[in-house]
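Shared between the two complexes below is subunit A, which has subunit B as its partner in the first and subunit C in the second.
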Partner chain A sequence: MRQSKVFELIKLKFPQVSEEDLTKAVIVPQELLPAVANYLKGQDLSFDNLHCITAVDRLERIELVYIFYSFKNRQQAIVKVYLPIDAAEVESLTKFYRSADWFEREVYDLFGVKFLNHPNLARILNPQDWKGYPLRKNYTNPNLIRKP
Partner chain B sequence: MKMSNMHSEQLCVNMGPQHPSTHGVLYLDLRLDGEEVVDCITHIGYLHRSMEKIAENRTYTQFIPFTDRLDYVASMNNNLAYVLAVEKLLNLDVPERAKYIRVIVAELNRIASHLLAIGTFAQDLGAFATPLFYCFREREKVIEIFDEVCGNRLTYNYMRIGGVQFDLPEGIDRRIKDFIKYMRPKINDYEGLLTNNPIFLERTKNIGILSKETAINYSITGPNLRASGVQWDLRKDEPYLVYDKFEFAIPTGKNGDMWDRYRVRMDELSQSLKIIEQAIAGIPEAQATVKAGRMIKPAAGEVYFRAESPRGELGFYIVSDGSVNPYRLKIRAPSFSNLAVLRELVKGVKVADVVGILGSLDILMGEIDR
Partner chain C sequence: MAITEQIPGAEFIHKLPGGPVVLASTEKIFKWAKSSSLWPLTFGLACCAIEMIAAGASRFDIDRFGAGVFRASPRQCDVMIVAGTISVKMGECVKLLYEQMPEPKYVMALGNCAISGGIFYYDTYSVVKGTESLGIPVDVYIPGCPPRPENLFFGLMKLQEIVRKERHAAK
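Up next is the complex of A and B:
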């Protein structure tokens, strides 16, 4: 089963999803993410493994990238969620995948994306009192040295 | 009164950040009821060097030495996963000889890394110094080979986008063959020392059991996943380089306890030797590197590539905007997920086993904190 097949199956169930031109990733509206994750984990597709969560700062929006894997079908699926940069909030996937716990904390720590209903959304790599979100493109810190 | 009904006041024990058995700067906040662990809160980040932010200000080639410092006991595998990810982004094919060289050095490094894992694991269980020193003696041989190949002992910086830094030096195949001949009986020595040692069995059997479902749900990869009974190895299931040309088995465990994790690593030692032997025999005489240019400018796009490092699946997610620097580079480190499961594993075990379970997971803080 190819990524395009996964997209078609998700599209059938959730008509609001779309496909990214360049990467063929499935773009899911932020309010639909838990439902799509539940469907991915379910019997039809059996994506039992959430391999990785990361984010990309595209200046006007933050792209969340979820990489799912199915050991049964030997198949990978990349799901993206576009979030507005000033209100970066999305439902946590910890109730479906326990690997999401630390992945989401890392994205929160470095990008400032708030994961709603996460059991312990605290910074994980930076100190708890750290200011700002280091991997955002507009991040500045007085200790940063400008490149000559 | 039965012992299990007795409870004492909850005790908080700080393990780390500076502790000889945490394999780096890791801080475990242990909550104990007598000898039993009630909860374990893991604090990481003491080695955070913001590699991903640094990558955004470096060219693709300049970032290779940084990958050495991720998993610093298996630098070759980190180099390899990174350059393969960039090559996938560039759609660049490397010469056949480079692929063979990469396989040889990656597998040698896997042996060195597993030796360290086994040695420190035995040390964590209280087998003071002997197994560790034996393992280090053999690891030293691998490091000497690497010293000859690329001039460095630990941070190799050997892989290049388009091939490797130098071709293999003259006479190294003889040396690697000698090492294989030397290493095989040594594995039997370890088996004699540890595998069926009653004390070792007592400490490792049926402790720290990681079930198949939990392992997959926590996104555990590598030997830890295979020890839980999932037959999954990227070298076999999504072959890269020339791994599909070699014959080797994927060792798996049954119960997913500490002993199985040790067993899988021991078996992987001999499988790696087998791969190296075949690679040395089949290596073609040809040019080892193609010129990819000093300034690499991939077309705008995104790529995710993962490779089997000794600790699990090391993935690189690279976003390119068409310039000389990556727009975003995410490192998906295997130890990060492997450590996340620790809290689950240590609940209800005795405090002395925490160190053993941690050692059996074979984590490395360099790639967790990045």
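Up next is the complex of A and C:
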């Protein structure tokens, strides 16, 4: 199945989604994410593996990037969710994919995205009492020396 | 005579009628013995540790300098070779290990990361800027990224020199 075919199938079911020009990723509105994930995991597409979650700080928004993989069809699908930077909250996918647990904790730790209904949203890499989210563009820390 | 000059501590051996005798102050002998038997801590943090491991293996053989007994507990060591990048989280652990070592203790900073943060000096939130910024005094700095085992040996010989020149043998 081609990537464009995957997009068409998702578009058929959820008309609100769109396609990003450069990356051909599927852009999903924030509130639809659990439903889309459920659909991706289901019989039609069988994306049985959540491969990776990461995020990009674009200053005015945070882009969450989900990479799904289907072992059956040997294919991956990239889903993006745009979040406003001052209210970066999205539903957790731990209900559908258990691998989401640690991925979401990592994104929370480094980008400060809150995953709602996550079973244990604690920092995973930095010390528990760490302040701030280091991979945000506006992060500062007395120990962090910017290259002149 | 040429051979005895090459062995460490040769300056203590004097030839007198009846055979060679060792003649020195006990303090000198003590320091010489201490410098020839350093016990490093089994402790590596990043890529520089690989060089330290190579130095410990047969090809380079750190045992030639009497510093080959890597101990797995800080309580049995007197040299800490800080080999690698110290992350903020690991920094607490390094401090704890240093505190646990009995006196006399020496610290060698192996590699740029352990000296100053190295390539992680700029734009990194998670790396400590060198061993000294943790409040641990460093006796020998060995620059390089990574330093070769020979550099480590050079540093080790410098450390032996420091130990031999100490004011009090029982530091």
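The rule is short, and it goes like this: the second predicted complex is superposed on the first by the 148 of 148 C-alpha atoms of A that agree within 3 Å, B and C clash if a C-alpha of one lies under 4 Å from a C-alpha of the other, contacts with A are read in each partner's own complex, and residues count from 1 in each chain.
The rule we apply is simple: a residue touches a chain if its C-beta (ideal position, glycine included) is under 8 Å from a C-beta of that chain, and two chains touch if they have at least 3 such contacts.
Given the structure is predicted, the values throughout are model-derived calculations rather than measurements.
Trainee: Tell me the contact category for A:N143 with respect to subunit B and subunit C: first, second, both or neither.
Mentor: Second partner only.
Trainee: After the superposition on A, what does A:P127 contact: first (subunit B), second (subunit C), both or neither?
Mentor: It touches subunit B and subunit C both.
Trainee: Quick check on the superposed pair: does A:L116 touch subunit B, subunit C, both, or neither? Answer first, second, both or neither.
Mentor: Neither: A:L116 stays clear of subunit B and subunit C.
Trainee: May I ask you to name which of subunit B and subunit C touches more residues of subunit A?
Mentor: Comparing touch counts on subunit A for subunit B and subunit C gives B.
Trainee: Regarding the shared-chain residue A:V56, is it in contact with subunit B (first), subunit C (second), both, or neither?
Mentor: Only subunit B; A:V56 stays clear of subunit C.
Trainee: First (subunit B), second (subunit C), both or neither: which does A:A35 touch?
Mentor: neither
Trainee: On subunit A, what residues does subunit B touch that subunit C touches as well?
Mentor: On subunit A, the overlap between the subunit B and subunit C contacts is residues 126-127, 134, 147.
Trainee: Where on subunit A does subunit C make contact in their complex?
Mentor: 126-127, 134, 139, 141, 143-147
Trainee: Using the touch rule from the top, collect the residues of subunit A that touch subunit B in their complex.
Mentor: Within the complex, subunit A contacts subunit B at residues 22-23, 25, 48-52, 54, 56-57, 65, 67, 71, 74, 78, 97-99, 101-102, 106, 110, 123-127, 134-135, 147.
Trainee: Please output the residues of subunit C touching subunit A within their complex, sorted ascending.
Mentor: Within the complex, subunit C contacts subunit A at residues 88-89, 121-126, 128-129.
Trainee: Quick check: in the complex, which residue numbers of subunit B touch subunit A?
Mentor: Going through subunit B, the ones touching subunit A are 44-45, 48, 50, 52-53, 57, 214, 216-219, 230, 232, 237, 300-302, 304, 313, 315, 317, 319, 327-328, 330, 332, 336-337, 340, 369-370.
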